Amino acid sequence: MAVPVIEVKDLHTHLVTRWGTVKAVDGVSFSVGESETLGLVGESGSGKSMTCLSIVRLVPRPAARIVSGEVLLDGEDLLARSEREMQRIRGRKVAMILQDPMSSLNPVFSVGMQVREPVAAYHGLRGRALGRRAAELLAAVKIPSPAARLRAFPHQLSGGMRQRVVGAMAIAAPPRLLIADEPTTSLDLTIQAQYLALLKELQERHRLAMIFVTHNLGIVARMCDRVAVMYAGRIVEMGPVRELFTAPAHPYTRALMESVPRLGARRELLTAIDGQPPDLAKLPPGCAFAPRCANVMERCRVEAPPEIAVSAGHATRCWLHVPA
Amino acid sequence: MAAESANATLALPGVEPTVGARRARRRWPVISTSIIAAFVLVALLAPLVSPADPYEQTLRLRFRPPVWDERGSWQHPLGTDRLGRDLLARIVWGSRVSLAAGVITVLLASAFGAAVGLVAGYYGGRVDAFLMRVTDATLSFPVILLALILAVTVGPSFTNVVIAIAVILWARYARVIRGQVLTLMELDFIAQARVAGAGAGRIIMRHLVPNTMNTLVVLVTLQVGYVIILEASLSFLGAGIPPPTPAWGSMIAEGRDFVTSAWWVSFFPGLAILLVVLAFNLLGDWLRDTLDPKLRQL
Amino acid sequence: MIAMKRLITFALLTLGVTGGALAAPRIVDAQQKPELTIALSSFSAETLDPVLQGHNVKYYLSLMFDYLVGTTPDGQPSANGGLATRWENSSDHRRWTFHLRKGVKFHNGDEMTADDVKFSLERAMGKRSTTGYAGPLRTLIQAIETPAPDRIVIVTKESTLIIPTYLSRALSTEGVVVPRKYIEANGDDVFARKPVGTGPYKFVEQVTGSHIKMTAVDNHWRIGVPRYKNVTFKLVPEETTRIALLRRGEVDVADVSRERVKELEREGFPVHTRREEAILSVWWVLAPDGWPAPMKDKRVREALNLAVDRAEIAQSIFAGHADPAPIPLGLSWAFRDVGFKVTPEMAYPYDPARAKRLLAEAGQGSGFALDVYAFQLPGLPEGKAFAEALAGYWEKVGVKTKLVPVDYPAFRKLWVDRKAPGVVGYYNIANRSWIGAYALLEKMAYGPSKLNDTVNDPEIDGMIAQVMRQTDREKINALMRNIFTRLRSEHYGVPVVYLHSPYATSKTLGKWNPGSVMYDLFLDELASSK
Amino acid sequence: MIRFAGIRILQSLIALAILSVVVFALARATGDPLHMILPMNATAEDYANARAYLGLDRPYVEQYLSFVGRVVQGDFGTSLRARRPVLELIQERLPNSLRLAVFAMTVSLAMAFPLGVIAAVNKGRAVDRIAQLISVLGQSLPTFWVAIVLVEFVAGRLQWLPAGGISGFASYVLPGFTLGWFVVAGMMRLLRSGMLEVLDSEYVKLARVKGVVEYRVVWLHALKNALIPVVTFAGIYFSILVTTAIVVETVFAWPGLGRLAYDGITSRDFPVIQAVVLVTGVIVAVVNLCVDCLYAVIDPRIRYAR
């Protein structure tokens, strides 16, 4: 694989709350190459969004702090950059699409102003050229009559349309890495499918590396090349999509897969994962999934499992796979 | 706080540790409440705490400076006023009058205002329109003018000052509470209560009042300071709490011509007002931050 | 989008400019500048038409208008201070002839003739007029004849001496002469906004609540070529502000409170004092049928007088700018005219013990309830403090006083309607010449048909009635002396102190005698180059 | 939009009608104006013909109807004290009050905006506490005391600025600052809580992700959303500053509407009292209407909601 666009090494981000320090991201490492899409999957609170925010260094101040690790963008460590330099990287090299389209656009400014703003900053265009480029961007995300839309205000657009505008802004530079944080969760299904197709198309056209955060396994199957399953701030399993769907190594991944209805499968009860998501402030020693793990062993409760390679490009953190 | 993770914290540029911030918000505003408690205590125990009779005049000892001045004496630690009365005694007794004026006025105004707000918000339609027009009319009637008219008509007195301010102030509460009730009415639990056959009275008392109580508490604390200041301005115009009753506002007004020659006459009551009003405002801010961050109206 | 930024930069700009203004150089103390500015704490009604408010706005009217009979700063009639150069009366004192000055022009160029004087006098007695002393003129004057453009004869129903002084600058504004043609052409309302007179200064501009501007007539018979081109009266209610204006040289004359005089003199500001400008008199409100219960007894009235320490009040509340006053309603400037000698034993001693004894003798040993009304008055910023002190003194002799805070109009309504018999009020009655004193006694000490009576003594009523018809000056003086003596012996009221009113001036103003005429600062003397 | 303005104007008229009845009654309750006009020795007969001359002897209802009748044509009657049409007095005094109020509002905006935003951006830190303290101080000191201290020291002793009256730009500074500072506390508090809420929003996060420079995120994207409550508050206080800055007008000898009302009340000048209160009502109504229009300018959602 060529030099990865983005490489995260042993990233730790802690959150100080009233109930003690939460290790939101507890040693995460992964990398994504050009035109490749990595899916970040996990229940809410598993640290997937915090990981993305850590990459663009926008963790909610003053509560959160990036404690340690490296984030290499084209080999350059973002954590070592000054705030001014980061500000120039955001949007130009690393773009992001947020979850809720209804509130991603500033309600009191016109769509045009919000789209023109990044284009002017990245390409130094002014006046009519700027207007034309903005319209082109909207057209690129398949928004009908872009000129009219530029004059409209966010509350006059539908959810899907708004998410497309956000998409247009994301590819304004175009960036090297696009992070999509559950972009379609609040869209209804038909719009969802169109938007995912659009993202795919944009990725191919601009050869973007993409991190796709979601808890919807169906989307993962369609969009991602590789998947990382996160649980309690750690990646418990990462590997090519096909392998995880067909031969999940980690019990949590397996449980996730079994909780998704399959076409044509026999009609038996879907298994739900019992127990509660872990309290990140008071993580038990050993494997965080132990309390809810079907094949928990004595060792799991005592010692945190290391990362073990299951096959080429497919690794997991689970004692089951440790050679005895 | 939990100990940092094993590997030492990387002093990463642009990611600065901020410890103070997290603790500040939670802490109960100790300073404000202790100031208020102190003054309330002084007001309650005025007879015991006061060094002298606030009314007793000795013209000979007129404009005596505070004790640390060479002409000052421990008999009048904070000095004496224009009629030779002990300043400390008058401030102590004055706390009773000024705090009472502030608190009573605000309670009266908030009770009446909240009632109007609740009814207007709940019933809506013509009732709401009418009540809101009365509120608008009241809001456009200047407080100071009404106090002046009352003072001139029936003579300035404690009750007149309280009435004059309360009669205007309620309109602000009415408008804020009504706004809140309108938003609450949109929520489903009101509809459910109605479906369950609850009458207007029950709904207002069990649902609307508790939910607007936070806002009311915040408004009340913020307005006590405002009323005490307003009383001082009225005294300046001769329509505040009348002499010889010791009240901070009138004491400052009396001392205003001697800002240089006898600075203490208006300085110390001014300091008392500053502390109390500051305390109430900061308490109000804190209450709003914790109880009702959404409160965007004053 | 960038509107927000522009607003903020504009706001910061304002702050910047303020900073710039802050560094502006101090206004240097002007030497003989062509401008005279006077700051006063109250303009009363601020009216410019002499018939509207009458005496208490004379200090600016006297610059714009002339009076029929002139007066010197110390209140004596003067032939070169008014429009009449000479006046004499018929033997039966019922025909008063005034010879008018020639060549006097109104500000709008009209020639001043006897016609204008007749018109002005009738206007002063007319329905629209609310001046203080038009009453006696309305009852006395039978006819006004104008035999020649420079002569006017006033015929009275009965013989009297008061006509010249009632139409003089010493009393009120009934004697002011206004332009007949101008008023008949433009009407009273226009005249009330743009007055035209014959005085040394022409009206320029008035902004109510702020200032009145006048500019000098080139050469005026009264003051010659005026030393000040423009005169401005500024209304500055707050004492601190008046003194700040004085320090900055923005104002040349300012009335200041007695308490700030020492401070100003220390800073080298000359302070001119109008000595005994007013007498602070306290009185009891009568009942509809006369004296209310406790005060009916003369001993109670005397006791309440003895209980008050006038010297301490003068020293403390009035910072030494006052002197004890012995005679109820005793206007000292009139004493000189009528030859009334104030003997030492007339002064009330401070004798609380004797006061208590007298109260016991009068059966009030256990004290009685007495409401003291407290209010502020123009020229008496110490009003409320004085009332509190007064109540304090009476408390010490066992009287159960209650301080009732009101404002003056509310007290006056109670006093005139006699709704609250026995309560106590006060006023700083402006000092005045004998004719003014007579006119005051005729209001506050004269029983028949006068609402404001505070004495209700038939013997005094008789004497006052005689003065009006007396034409022998000696007899008038004797009557006035007897009135004052009886007021003192019967203790009709509590005279407290004579108030001296200080006026601080800029260091470069030069000689100025504020004079001793009611409500008149004789600023034209200041501007005179004669 | 027009329909909305129409309703608002109708509502204001009703409020003004209620106000006119209240003020008509209250003015007469203050007492008898004749005591202030007629001299001490006026006889009962003088009172009678003065009352007739001024039309005060007619029954109250008749007086009210003629009062309202004339007000509608802009004639507020004649001041009993100054014997001049009240309209003239108001035309003379209102501009002074308006100019001072505008200056004071500029001062308070110039203080409240930086303080409020900085306090919000640095929530909980020292600068937040200081900003809150500065603004609350403005509301914790009686205005007249601040005014007098300023006159005594800044104008009197240091002689930097004129002490009183209207004389060019510099004379606006002290009164404007005194009035302005009083309003800063409330405005700053509203702006701070508004900003706190907006800075947590998704679109601010998106702006930052887009690489928008921080000061533009705060002062443009965030601020414009936090303006609405501040505008409401500024509206309420602007009308108060115009109509009842009596205390500041007294200390700084400023011939404004507040002082006119004060003199009117002390001398029981009914027409003046009625006129000032009604003018106040109109100003409040007009300012509220402007504020509503400003809402639409700031927040397009409101523009279409009506």
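By letter and in written order, the chains are A, B, C and D; residue numbering begins at 1 in each of them.
The rule is simple: a residue touches a chain if its C-beta (ideal position, glycine included) is under 8 Å from a C-beta of that chain, and two chains touch if they have at least 3 such contacts.
Everything numeric in this text was worked out from a predicted model, so none of it was measured.
Visitor: Using CA atoms only, can you tell me which chain is the most central one in this structure?
Guide: Smallest centre-to-centre distance to the global C-alpha mean: chain D.
Visitor: Centre-to-centre on C-alpha atoms, which chain is most distant from chain A?
Guide: The most distant chain relative to chain A turns out to be C.
Visitor: Name the chain pair with more contacting C-beta pairs, choosing from B-D and B-C.
Guide: B-D is joined by more C-beta pairs in contact.
Visitor: Quick one: report the Å distance separating chain B from chain D, using the average Cα coordinate of each chain.
Guide: 21
Visitor: For chain B versus chain C, what separation do you get between their C-alpha means, in angstrom?
Guide: About 44 Å separates the centre of chain B from that of chain C.
Visitor: If you average the Cα atoms of chain A and of chain C to get two centres, how far apart are those centres in Å?
Guide: 88
Visitor: On a C-alpha centroid basis, what's the spacing between chain A and chain B, in Å?
Guide: Taking the average C-alpha coordinate of chain A and of chain B, the gap between them is 50 Å.
Visitor: Find every residue in chain B that makes contact with two or more other chains and list them.
Guide: 18, 21-22, 152, 256, 259-260
Visitor: By the touch rule stated above, which residues of chain D touch at least two different other chains?
Guide: Counting only residues that touch two or more other chains, chain D contributes 31, 124, 148, 152, 224, 250, 266, 268.
Visitor: At least two other chains touched by the same residue of chain C: list those residues.
Guide: As it turns out, chain C has residues touching two or more other chains at 1, 240, 407, 409-410.
Visitor: Which of the residues in chain D end up touching chain A in this complex?
Guide: These residues of chain D touch chain A: 124, 201-203, 205-214, 221, 224-225, 298-301, 304.
Visitor: Of all residues in chain D, which touch chain C in the complex?
Guide: Its residues touching chain C are 31-32, 35-44, 46, 49-50, 53, 81-85, 88-89, 92-93, 96, 103, 106-107, 109-110, 113-114, 148, 151-152, 155-157, 159-167, 169-170, 173, 177, 219-220, 223-224, 250-256, 259-260, 263, 266-268.
Visitor: Touching chain B in the complex: which residues of chain D?
Guide: It comes out as residues 11-12, 14-16, 18-19, 22-23, 26-27, 29-31, 123-126, 129, 132-133, 136-137, 139-145, 148-149, 152, 185-186, 189-190, 193-194, 196-197, 228-229, 232-233, 236, 239-240, 243-244, 246-247, 250, 258, 261-262, 265-266, 268, 273, 276-277, 280-281, 283-285, 288.
Visitor: So in the complex, which bits of chain B are touching chain C?
Guide: Residue list for chain B touching chain C: 57, 59-60, 62, 82-84, 151-152, 155-157, 238, 242-244, 254, 256-261.
Visitor: Hey, which residues of chain B end up touching chain D in the complex?
Guide: 18, 20-22, 24-25, 129, 132-134, 136-137, 139-146, 148-149, 152-153, 225-226, 229, 232-233, 236-237, 249, 252-253, 256, 259-260, 266, 270, 273-274, 277-278, 281-282, 285, 288-289, 293-298
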